[in-house]
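Written below as structure tokens is the structure these notes are about.
For clarity, chains are labelled A, B, C, D and E in written order, and residue numbers in each chain start from 1.
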Amino acid sequence: MVLAKVVGTVVSAHKEARLGGIKFLLLDKINPATMQGKNDYVVAIDGVGAGPGEVVFYVAGSSARLTAVTDGKPTDATIVAIVDNIEIRGEYVYRKDGQ
Amino acid sequence: MVLAKVVGTVVSAHKEARLGGIKFLLLDKINPATMQGKNDYVVAIDGVGAGPGEVVFYVAGSSARLTAVTDGKPTDATIVAIVDNIEIRGEYVYRKDGQ
Amino acid sequence: MVLAKVVGTVVSAHKEARLGGIKFLLLDKINPATMQGKNDYVVAIDGVGAGPGEVVFYVAGSSARLTAVTDGKPTDATIVAIVDNIEIRGEYVYRKDGQ
Amino acid sequence: MVLAKVVGTVVSAHKEARLGGIKFLLLDKINPATMQGKNDYVVAIDGVGAGPGEVVFYVAGSSARLTAVTDGKPTDATIVAIVDNIEIRGEYVYRKDGQ
Amino acid sequence: MVLAKVVGTVVSAHKEARLGGIKFLLLDKINPATMQGKNDYVVAIDGVGAGPGEVVFYVAGSSARLTAVTDGKPTDATIVAIVDNIEIRGEYVYRKDGQ
């Protein structure tokens, strides 16, 4: 799975029928060592109610269809978790509560 | 899913039988932060009636087969949405109506 | 799908049984804006009778198995079309007949 | 499969239901010729009880679901082995016991 | 499929049960135009009895499971052929017999 930040939204009125009613979020992948965005974007379906600015991870490939929201849908990137904290070598590099 | 612009077409008379009657569009992936093309091209099947110059996103991998147009076909990239607008951190970076 | 040029062949006497009798072509991916090779090679199964020097596109991933030649075979890259012409922004960048 | 080192953990209280009770490890891919990290991170599900600092390899794509821990779950990266040693051209470049 | 050279082995006593008894080879991808390694490594399951120093190609993704050795196993890279020769634009760039 890939760590990313929710940076925006993508809106489409004209889309494949199986994607009707789906919300698309724009993600920027992040390097957890620095928590900076990589300027490397992906459009993902939100499977967990993520909001702008949140750090998430998404699943790519065929597994992107294995969530309650995306079953049978043509997706290759689905957000499966909102991240609370990331620890590297015993140190927090990210804590959602900001402490 | 990946943001891209429709920049052209690819025509083939001699192709796998299951791709008969299919139209192939040439896409250039875009960086939504700048809306510039990346000079990184992919041939995609059009699942939504996209036209030249339009911003779209396509789905890659096995999910590319999960559209009305591509069911059971050997595709790894299918356009599933024509984009109306893209918003990053509360600002529109793209609006199809150009306003 | 990915645009490439057929640049050679790869021969193997000792291979997985399900690949018996299969011909392997060596492809160099191309940038259609310049029609130059990228020096980025892939070994592909030929599903359409492509020959040396021809511009083709191949399908990657699980869809590579969905052709008459490759059904059930362990392939991740199968040529599915010989390209006749490529047009970018209204201009031909490639025409097989060379005109 | 891809060689990587376990460098940390990612914690999420709010995630896709099918991922409940799953532990997520943060991996940094390594170059076995130097055994250095590539500063290229992935979030993986642990299928083998790996711990911090251990060298592992993980499987990507749909095969990431084919383990006892991940069957039917939306994962694209699952650790399938803790590495004991790596040998390149007859020389050990890594031995877990450090000798 | 991807051309690579067998450069070593990876040994693991502690691994996913379905991988028991499997031998893992370390491959370095090669550029066939120069036959040099790319310093880009992958751990692959051997489906054809390849040995150190041999040039092979492996299949990635779900097709890596479609060999006699890997059926149903969590692999994303399986060697499916030992290469005898590679020809580019009518010239041999590699012949296993070294002539």
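Please note the rule applied: a residue touches a chain if its C-beta (ideal position, glycine included) is under 8 Å from a C-beta of that chain, and two chains touch if they have at least 3 such contacts.
In this text the structure is predicted, and so the values were computed from the model without any measurement.
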{"item": "Minimum number of chain-to-chain touching steps separating chain B from chain E", "value": "2"}
{"item": "Copy-to-copy rotation for chain C and chain E - C-alpha atoms, rounded to a multiple of 5°", "value": "70"}
{"item": "Length of the line joining the C-alpha centres of chain B and chain C, rounded to whole Å", "value": "21"}
{"item": "Distance between the centres, which are taken as Cα means, of chain E and chain A, whole angstrom", "value": "33"}
{"item": "For chain A, residues contacting two or more additional chains", "value": "60-62, 64-65"}
{"item": "Chain contact topology (line, ring, star, complete or other)", "value": "ring"}
{"item": "Circular arrangement of chains, read from chain A onward through chain D", "value": "A, D, E, C, B"}
{"item": "Footprint of chain C on chain B - complex, ascending", "value": "7-19, 24, 26, 39, 41-44, 52, 60-62, 64-65, 72-77"}
{"item": "Chain D residues within the chain E interface of the complex", "value": "1-3, 31-33, 47-49, 57, 59-68, 78, 80-90, 93"}
